[in-house]
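Note that subunit A is present in both complexes that follow, paired respectively with subunit B and with subunit C.
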Partner chain A sequence: MIDVDVSEGCALISTADFAPLTRHDGAFARALAAAVIDLSDDDDVKVIVLRASGPDFAPADQGTFPRDLRGTVTAWGQDFSASDAIYQALCFSKKVTITEVAGVCSGAGSALVLASDLTISSEDAQFASPFMCMPESNFVLASLTIRLNRAKAWAVRGRPIGAHEAMACGLVSRVVSRAGLASATQAAAEYAAAMPLDGIVMSKMMLQAVLDAHGVGREFDMANLYATSQRAAGVTAEEE
Partner chain B sequence: MSAVSASFSIDRDSHIARIRISRPERRNMIDIATGRLICDFLDQVDDDDDITAVLLSGEGPDLSAGWDVADVWSMYIDAPGGAVKKVPSQRARLIAVADNWWGPRGLYSRLLHCRKVTILEAQGDCLETGLFFALCCDLTIAAENARFGCPRWHTLGADGDLSLLIAAVGLKRAKDLMYTAVPWTASQALDYGLVDWLVPADELTAKAVEIAKMCASIMRDGIVSEKYALFASLEKMGVGLSFAAATIVASSLSNIHFQPAEFNFLAEVKRAGEASAVAASRARLDQISTGKD
Partner chain C sequence: MTRYGTAESIAAAPTQVLYEVDRATGVAWITLNRPEKHNAMSVPMRDRITDIIHEANLDDDVRVIVFRGNGKSFCSGNEINEEWGQRRPHERRRTLNVSYRYGTDMAWGRLGFSQAISRSPKITIAQIHGYCAAAAYFMIACKVDIVIAADDAKVGALEARFLGPAGAAASVHINRIIGMKAARRTGFTAMPMSGVEAQRLGLVHECASSDRLADHARNVAEEIASQDPGALLHLKGRIRAAEGLMDTSVPSVTGLFVSHHLQSAPDEMDFWKAAKEVGVGGALDADKRRKGAVDPRTGDEGVVAL
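The block that comes next holds the complex of A and B.
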């Protein structure tokens, strides 16, 4: 389901795609979070890359939340919004994190992009809003990344953002051809891995302090509240 | 320090104060003495009700290529507790970084909290200190040849404020600067929001003076009111916390432990000098870019 390969300070996490996160597949989320946490704690790793081996980073998915959610919101939160769940594990990793995005990047894909340090994108990538059906999406990260008004428009309208527009508004770090995507990601990873490990870790610790001051952690804490609200809205909609 | 590391003047007719860094032979790198002179002048300017705007610029082709690593060691040695042992203590490093750069009396805090409108003329290399001048000033006018970045971060780690950088250009762009060490062109800086005006190099000073005069025409109560509202917002944004974190990280990274295979920038500075160390670091990154061993 999830493959991990480590070479010369760069760790590659690859999977077919990240759509299971959009479907709120708990087992997938736990496995992905565990991989990120293990690599974050590995002194031989400086950079963590997330790559989809399929044609799309996160193919469009209906997103089963909240209508089909079974079980408690608390259990859901442990898999998707807790401090050791995937998004916080990625956002607060002590290593440089890179998302390599090709094709469709819906829901969870965009949430991963927001949580990662660098994003290398193919020209045909489309970044859908993660806010439509994913309470764990972090609006503070979005407003820090693409600025408040763009983040509001993305959240409210849900219009996918093309790769070049994403580059212009600061959502992605590089846009390259699909053929050149893997090599561009490799170059970015090697560049970052040339930094001293102590420097990377201390930089990330300082970044975490700044993100906390902006309320990024608190926004993740609010996810359970948003989930409860969305589930109630879903139940109401079903009854109507 | 040379006798004229910076010049200071006040134009009473236009109500504009001028700071001009004058170390072109060192690409206007800021040493400790120059930083203190600037802080002292800003103290004087803040207490002068007749001044409404401050223009900051550099002599020669570059605004500033960073802090002057040539006197970093003496900065630590001269701090309280710095000369007790052969190697400066951690407390001395913390005090030195705070007092000279990020603390309430440091250069960046002093510039950020100036009660007058602060305007920067950016040209050529605006690296590290030059970048933070742009972040701490209210307005930045850049020449088309300006470039902004912090290449040293790639050799040691990011050890400067991140909150102003993130607020100015956005989170992902700030991280790009942290981890890829590629400076931004003036055009990129304008697109990202770091720069307010972009002009040809030969029009830079004229444009800066024009903007300064416009700002100087604003009523003084309005300027000071706006500046205090800005200070309140900076606190809410956590800039004080970020400056404190930068103090800790910068002092810690001055004592960094390099892994066996890593490029030891500090040892290279000690062994072959700063210019050679920077060149070796650059060559190493170029090898990665071109895929050559």
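The block that comes next holds the complex of A and C.
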């Protein structure tokens, strides 16, 4: 389901794609979060890369939340919005995190992009707003990343953002051809890995304080409330 | 609730702020209709906007609210030369309650019209052309969810040229929207942004030529309104909650306090003319010499306490 490879301070987490997160596959989410947390604690790792081996980073998926969810949202929250769930694990990782995005990036894909430090994108990437169907996606991060009104328009219009526009508004760090994507990501990872480990960890600790001062942590805490609201509204992923 | 303004200005407000709902599309239109004043908003006009938004909020047919203006400009900001029950400048310096009423209740605060806009559960859009200045910039354009602007619109804190306070620089909201350097630039230089520049900075979502603006804004509004109403309410609720976490709803009252102190009363319309000649201090002194003026430090009419 998830492969991990560590080499020269760079850890690569690869999977077919990240759509299982969009359809709220708890087992997948737990495995991915565990991988990120373990690598964050690994003294031999400075950089963590998320890569989809398939053609799309996170293809559009028919979300199972909240329509097919039974019981309360607390179990869902434990897997998807808690402090040790994937998005907070990635956002508050002690290491530099990179998302490598090709093709369709919807739902969980965009939520992962927002939670990562760097995003290397192929020219054909399309970033869809995650806010309608993903209660665990973090609007504060979007506002900090692409500015408030752009984040609002992204959420409200429901139109994906192309790679070059994403680059222009700050969502993406670099855009390259699909053929050059893996090597560009590798270069960025090696560049970051050239920093001393303590420097990276110290920088990420300081970044955590900044993110929390801006309300990022509290926005993650709101996910259960958003999930309740979403369920009441009857919104599923196909609305996105 | 107490309504401020003159009988005339209160009576004029319904014709100066028009409201219509297109029930077929789910779009409500709030049209500023005071073109001879570039749609400057009087206190009763702002009260009417608040009332309309409350009405739209409760109207299940309304999914999107669009602000627009008739005439050459979208809006030049708040009317600063009006009588609404305020006191003369030197008296206002001793009446914080009046300052608070104007600065927060009527503008930024929880009772203010800008808060009614930013806290609306419906999706809000501003359609901007010509001038979008002062309060129109930071109390409408920066409070709505989406701004559609003419390429050549002039957007910014133009009031800082003559009122002095640069409230735009202190607004958490504006700093979030266009970045801190740009926010301070708009506040401290009073230089307007074009629609194109405002789009580049992140305030404006999309631009159109002036002759295409109305159609473009309508298309955007109707496209959004075509979405599921429950989904839109959920999405807007999420955005409002996140904005609360980011403290973007924190009103910046200081600029409005100062604005209020510098605002001219109806019988003081020559205040700024005098200020140009003898400075603000000299103009305040001249104001005190006017017939009927009372120096709050002495209680004597027409006497200047030095």
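Criterion: the second predicted complex is superposed on the first by the 234 of 240 C-alpha atoms of A that agree within 3 Å, B and C clash if a C-alpha of one lies under 4 Å from a C-alpha of the other, contacts with A are read in each partner's own complex, and residues count from 1 in each chain.
Note that in this section contacts are C-beta pairs under 8 Å (C-beta built on N, C-alpha and C of every residue); 3 or more make two chains touch, one makes a residue touch a chain.
Source: prediction; values computed, not measured.
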- Look at A:F139 in the shared chain and tell me whether it touches subunit B only, subunit C only, both, or neither; answer first, second, both or neither. second
- Query: Looking at the overlay, what does A:R157 touch: subunit B (first), subunit C (second), both, or neither?
  - Reply: second
- Query: Is A:L148 in contact with subunit B, with subunit C, with both, or with neither (first, second, both, neither)?
  - Reply: second
- Query: Is A:Q230 touching the first partner subunit B, the second partner subunit C, both, or neither of them?
  - Reply: second
- Message: Looking at A:M206 after the superposition, I want to know if it touches subunit B, subunit C, both of them or none. Which is it: first, second, both, neither?
- Response: first
- Query: First (subunit B), second (subunit C), both or neither: which does A:T119 touch?
  - Reply: first
- Message: Under the stated touch criterion, which partner chain does A:R218 make contact with: subunit B (first), subunit C (second), both, or neither?
- Response: second
- Message: Let me test your reading of the model: by the given contact rule, A:E190 touches which partner, first (subunit B), second (subunit C), both or neither?
- Response: first
- Of the residues on subunit A, which ones does subunit B touch that subunit C also touches? 146-147, 169, 214
- Message: Give the list of subunit B residues in touch with subunit A in this complex.
- Response: 153-159, 162-163, 166, 169-173, 175-176, 178-181, 191-192, 237-238, 241-242, 245-246, 248-249, 252-253, 256-259, 262-263, 265, 284-285, 288-289
- Message: Show me the residue ranges of subunit A that touch subunit C in the complex, using the header's touch definition.
- Response: 131-132, 135, 139-140, 143, 146-150, 152-153, 155-158, 169, 214-215, 218-219, 222, 225-226, 229-230, 232-235, 239
- Task: Sort out for me which residues of subunit C touch subunit A in the complex.
- Result: 123, 145-147, 173, 176-179, 202-205, 220, 223-224, 227-228, 230-235, 237-239, 241-243, 245-248
- Message: Show me the residue ranges of subunit A that touch subunit B in the complex, using the header's touch definition.
- Response: 96, 117-119, 141, 144-147, 168-173, 187-188, 190-192, 194-203, 205-207, 209-210, 213-214
